[in-house]
Amino acid sequence: MQTPSKSKKATKLFTSGKKGMPPGSLIYTGKQQSQEIIIEVIHFSKDNHFYESKTITEIQDLDTSQGKYWINIIGLSNVDIIKQVCDKFGIHSLFIEDILNIHQRPKLEVEQDYLYVPFKSFHWNDAEMLLEYEQFSFILLKNVLLTFQEHAGDQFDGLRDRISKVDSVVRNKGLDYLFYRLIDVTVDHYFEAIENIGDHLENLENKILKHPHTEDIGLVQVFNREIMILRRHVFPLREVLFRLSNADHPVLDIQTRKYFLDVLDHTIQVIDTIETYREINFSLRDLQLNTISYEMNRVVKTLTIISTYFIPVTFIVGIYGMNFRYMPELNLRYGYLFVWILMILVVIGLTVYFRRKKWF
Amino acid sequence: MQTPSKSKKATKLFTSGKKGMPPGSLIYTGKQQSQEIIIEVIHFSKDNHFYESKTITEIQDLDTSQGKYWINIIGLSNVDIIKQVCDKFGIHSLFIEDILNIHQRPKLEVEQDYLYVPFKSFHWNDAEMLLEYEQFSFILLKNVLLTFQEHAGDQFDGLRDRISKVDSVVRNKGLDYLFYRLIDVTVDHYFEAIENIGDHLENLENKILKHPHTEDIGLVQVFNREIMILRRHVFPLREVLFRLSNADHPVLDIQTRKYFLDVLDHTIQVIDTIETYREINFSLRDLQLNTISYEMNRVVKTLTIISTYFIPVTFIVGIYGMNFRYMPELNLRYGYLFVWILMILVVIGLTVYFRRKKWF
Amino acid sequence: MQTPSKSKKATKLFTSGKKGMPPGSLIYTGKQQSQEIIIEVIHFSKDNHFYESKTITEIQDLDTSQGKYWINIIGLSNVDIIKQVCDKFGIHSLFIEDILNIHQRPKLEVEQDYLYVPFKSFHWNDAEMLLEYEQFSFILLKNVLLTFQEHAGDQFDGLRDRISKVDSVVRNKGLDYLFYRLIDVTVDHYFEAIENIGDHLENLENKILKHPHTEDIGLVQVFNREIMILRRHVFPLREVLFRLSNADHPVLDIQTRKYFLDVLDHTIQVIDTIETYREINFSLRDLQLNTISYEMNRVVKTLTIISTYFIPVTFIVGIYGMNFRYMPELNLRYGYLFVWILMILVVIGLTVYFRRKKWF
Amino acid sequence: MQTPSKSKKATKLFTSGKKGMPPGSLIYTGKQQSQEIIIEVIHFSKDNHFYESKTITEIQDLDTSQGKYWINIIGLSNVDIIKQVCDKFGIHSLFIEDILNIHQRPKLEVEQDYLYVPFKSFHWNDAEMLLEYEQFSFILLKNVLLTFQEHAGDQFDGLRDRISKVDSVVRNKGLDYLFYRLIDVTVDHYFEAIENIGDHLENLENKILKHPHTEDIGLVQVFNREIMILRRHVFPLREVLFRLSNADHPVLDIQTRKYFLDVLDHTIQVIDTIETYREINFSLRDLQLNTISYEMNRVVKTLTIISTYFIPVTFIVGIYGMNFRYMPELNLRYGYLFVWILMILVVIGLTVYFRRKKWF
Amino acid sequence: MQTPSKSKKATKLFTSGKKGMPPGSLIYTGKQQSQEIIIEVIHFSKDNHFYESKTITEIQDLDTSQGKYWINIIGLSNVDIIKQVCDKFGIHSLFIEDILNIHQRPKLEVEQDYLYVPFKSFHWNDAEMLLEYEQFSFILLKNVLLTFQEHAGDQFDGLRDRISKVDSVVRNKGLDYLFYRLIDVTVDHYFEAIENIGDHLENLENKILKHPHTEDIGLVQVFNREIMILRRHVFPLREVLFRLSNADHPVLDIQTRKYFLDVLDHTIQVIDTIETYREINFSLRDLQLNTISYEMNRVVKTLTIISTYFIPVTFIVGIYGMNFRYMPELNLRYGYLFVWILMILVVIGLTVYFRRKKWF
């Protein structure tokens, strides 16, 4: 059973990671990594497009008054650099704190000049039977979309490609459309994660119906936990997207609302599926108990039938194993035969009894 | 047990079917079929009526400024044709995507010139004990009602007949009335599906009360799943119909509201029934556990009674089967008789004991 | 067990009874009866009062511009007559359909000239342990109160008496007051039905605590179902009455609102009681499982104690039943005595052991 | 078990007590008593105070235009007197009916000149393990506070004392403050009742963990019922108090609102506690099942260990108890010894086996 | 098991502690302590800062018209002093009552000149496996923040340090910011408490999966209770903070709203975690039952296998232990060998049978 390690991960998801610190302390609550921070800048407009890594100094000198900039910061362990990037774009320190705290609930924070949206991507790790997650933070300004992620490698390479193409939709629409696409891609990944769990539930159901095992009992518990974690993170997203699709803010074009509504629609579908799997998982537990009880019933019945047949006849042969001097039956010519007949009658009688009770 | 295949189907119902694709990709998420797309056109007005299959080119040349057109597209595997039909009538590409994605939740999308409503029809397949479903998409424009379905054969033949009759209500009312009738017929089919499940639940209840079996345990699980799938699809319909009955839109006559309210009423009744069957199914699981436990109790009691009678007397006969040289009882004239008397007393004593404990 | 027949009845309650029919088909969904339709007319005003049976022709010629008319139609199997009555009073054909469909949910339909309210009366059939129900439809017009019922015999005879008395409240108030009284009497009958179930629950609880039986397991299931059916029909009534107590309609006097509020109050009390009984019934099922498990525990303990005492001593006597030529103990003068002492010591030892484990 | 008698009481709480009666019938639904009705009048103003019993005639002649009157009617069995008191103060007959029906839900009825509030006081009867309740009805008019109670003896003696003191708050404030104090004292009594149940739950938990018994199974059921009854009556109180704290009515001073808010606060706390105890009680039932199952597991393990040790060795000694003429082992010099060694090896083998399975 | 003592504490949390007392009685409902009341005064403004203990007389002479005062009263047992402090600052007597009643729900009371907020801090006592709590009351006036706590020692020392530093944020912002920080620190402590429970749940899960024990059954119950207590106190906090973040009041700066929103965010996260742990704990109970049942199944199977092998062969050897004079088999040359062969065949037969039933 790898449950311990899994639940360790699960438990951590719930922690604040910074108990006892004064508010305003900028601390990265994820696993410290030696990894360098990478600042990836994609600049694009109708006519231009470049994609390069920049140092923090270059970022500070960047003039973002023209065109559209997607600045993606990979790695959160260097708190100073995160702070400098945020300061450059005038982000409130409460949000810097939130970016660094990887245990954030999805939310939408509306400031005068920008929007802040943190949320998680999920990936089902089939080898360890657990959901891996990574926190993304999005800050949408007028000309800049800032994104923060913990590790290199993400689900957005398709998008990066499309931006590089002169006639792609994302190249020609605003940053709010890009922002929508990032969220949309992430939500589509939720489907993948939940479908993996769904496949396991299906297998588990078949295994349990055939024969319940201890590891199945543990698995139901594991899925219960992982589904609950996913649920906890997808639920608040509904409100975030609903508010985005109604928001009236300079960085959002009114045309983009329809798209947020579309992601909201997908999110509701994800939530529906999560709820359904949650119920299926619950019912697996009951299925398990019923199957175990049924199987025990069968085992006990076997024991009872065997015992009920043999205990009486064993008693009979015990009688004639006694050593009394005067036992008239022992000297009968057909005594032994009579005992056999008696025992056969007992067996027939019991069979009739069991038949009536419908045990066969 | 055919559970695997069933749950395979069930699981698929929850998938998006297009993970990893960029939004805007037009992909049919159902089973690919070699089947040709059929475009069925029913044109009718007070005085005219024709019903014929058309090619996509004919559709593109169709002048729909006069009369009422019901254009039904059967088969979704040829994405190009779907796209051309939709483009002809100015349908937004997001909806073309939705038409092709057969895993859509029921919803009402209100555009300036048309309404888009996708939803499922359900059919209970009794041989395989599962719900089969097919996605229908309805687009209601001013003079045209577009419908899309996956397979040939539907529940609407009665309606086609009635349109052909000069004095039928549907012939003389607007397309919104026809639209209502299509929904109404589909919801009526939900009753049929749920009643089939209801009949099975009833039989199952009787079987469980008499004698629980493994296949029953599996069945409760199967019904649980199928009821949950149906529920997931009928629930959102309530909102769709509520909004239709309140909608103020050029393609809807104010007179039709009353009819949508009527279907809403039926839908609420379907939901009520689903909820009731869901609870009945839950309680069947508990019934099962209680019956199994009760039956085990009875079996164990039988074993205990048999054992309790025979174990002591077998011990007694065992005593006199010992081969000690000096066992005074063995030589008694009536020793054997006394042993029988002793054993009968033991049996009487135990019977009195069981009577007191009310085991008989 | 009469469960099958009961659940048959229960299941039917959920059906639409007319699947596959076009809307607008007028079909009686109850059991066809050869019974004649009776049309009972009570005419009353401050000064006049008559009560007689009329034919459908007489009804069509009736002038209802003066006084108050309560027209009660008994029996729904003759669809034509129902239609003629409704046409006479200008009732919309959707409601005629509803009157004939005995599987209607309670609802309030507000038309310009009249109100339509269908709902059920319930009667607990103690012999068959099921709720019997009958659908009533009320149509309240300005001068006429139309009521439709399936069978002769109802709970309204008290009211008929009171109308005949010159100084009774119902005689002197409007038809809306009579309408209220009919609903009020019916809701009062709900109390009676639910109290019957309550009495059974109470008995069942006592029986289960003493000794669980299979029929009890079935009964919990039966009550669960019947309570759910009642619940399904009483719940919507709350909204109906709430809307009646707020309705502003020519056929309702503002003074009558207070009375509808009073029935609403009773209905909420019925719902409370239903919910309470539902929870009590749920807890009976758990009580049952716990009692069965407890009893099994006791039975198994008995078996274990008996076995644990006798199995070792039976082994001991078995040893000395062996026929080895050289078994020194067999020839000892007090061998037999020693065996008895040994066995008594074993019994004492086990008793001490059980005492420590607190099994006695 | 005294469950029957308790549940009898519980069941009655849900009845209307007057099924089949026409509305408007004035019937006392409690237990008929020969007891006289006592009418207690406390008259007080800043300067005056008297407290005396009056006859109904004196009440009818009472001039209540001056000062504040608290008129408390004890005993509801004489319907006539109740009616005369109510008529004297112009109370609507629907409320007279409600006063007499002791199965009223708490509610607030706002009339032009007065407020009507019925509610229950609860008392935990520890000897019979049930909640006793009594219905109080309060009618607050401009100069008069009418209260009705079923039996003599209540929780208000403290208040009567304080009114008699010239400088007490209640003497100097209006009747609405007295009304608040009566409710406040009653709600404080709810705490007492629920805390008694809480103490029992705590004891029960400890008993169950040590050793589950049948009477515990019954107790969990009893507490479930009593908690549900209390809950049913306290829940509606929340709305009553909320509306009182917002009411704008001539008999209520705006200053008193704050006090009703305070009782509302207490009521919410009572509800919280009830909900918590309800959940604790539910979890006791599961605790019980788990404890019983665990204990059975232990018992069965004991049986299995004993059987598994002795059944094989008993078989071995049985072999050498056979009487075959040619059994070579029997004649061996050390045959008997070898059998013992064999049996000891079997025992050691089984011990090793059990150790591995961690049964010890 | 230390459950009793724990639940004692838990139960007390729900009590009002002052049943039967008239409202307005000032009584400390906590444990009486001989401890002196300490009044700690921190005075600070941009330029000044002092921190000293004062007597009640000094407090009464304090001029608070200048600068910001945080007055912290430690110990509630001397009711007089509490009253004098409150009177000095014009606090309504209802709130003095609330300060002394340590069983207060979190709430926000808005008065014209001040806000009153009571709430609890929680600390997980790992030795006794229970949550310890202490009630804090905050009263925020224009220039004074009054805080009341039961015992010396709290989580606020970090804050006291920061106030003493000339350039700290808390020194330079208003008292409302200090008020926010006190709440924020307390909510952060909730995380710590709940994470401790989380760690225990994780360990428990692993223990149960390996082997369920009685103490685990008790632990699940204990965690259930403690989680419910925490839940009860954190839930109302959500509303308090929501209202604070929307409040328009002279003692609150509009800038502080954002901070209250931030704590609200944390509180929602605490609530989410509590709900998740609650569900995990519930599922542990079911896990327990399933594991116990599974283990019992295994034990019973062992017993059945042993019995089924040995009972028939024991019967066979019993037959040839009979002492009939005429038993032909006994005299056979290979009779003994045949019996062995017969028994081996029986064993093989049973093994085949068990294999088929998949018991091995």
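In order of appearance the chains are A, B, C, D and E, and numbering begins at 1 in each one.
Keep this in mind: a contact is a pair of C-beta atoms (placed from the backbone, for glycine too) under 8 Å apart; a residue touches a chain by one contact, two chains touch by 3 or more.
Here the structure is a predicted model, which means the values were calculated and not measured.
The minimal number of chain-to-chain contact steps leading from subunit C to subunit E is 2. Rotation relating subunit A to subunit D, from a C-alpha superposition: 145°, rounded in steps of 5.
Two copies of one chain, subunit D and subunit E, form a contact in which under half of the residue numbers belong to both partners.
Taking the mean of the C-alpha atoms as each chain's centre, subunit C and subunit D sit 26 Å apart. Across the assembly, subunit C contributes 289, 293, 296, 300, 303, 307, 311, 314, 318, 321-323, 327 as residues in contact with two or more other chains.
If you check the complex, the residues on subunit B that touch subunit C are 158, 162, 169, 181, 184, 188-189, 191-192, 194-195, 198-199, 202, 205-206, 209, 258, 262, 265-266, 268-269, 272-273, 276-277, 279-280, 283-284, 286-287, 289-291, 293-294, 296-297, 300-301, 303-304, 307-308, 311-312, 314-315, 318-319, 321-328, 358-359.
By the touch criterion stated above, subunit A contacts subunit E in their complex at residues 1, 3-4, 7-8, 11, 14-16, 18-24, 94, 103, 105, 107, 211-212, 214, 217-218, 220-221, 224-225, 228-229, 232, 285, 288-289, 292-293, 295-296, 299-300, 302-303, 306-307, 310-311, 313-314, 317-318, 320-323, 327, 329-336, 339.
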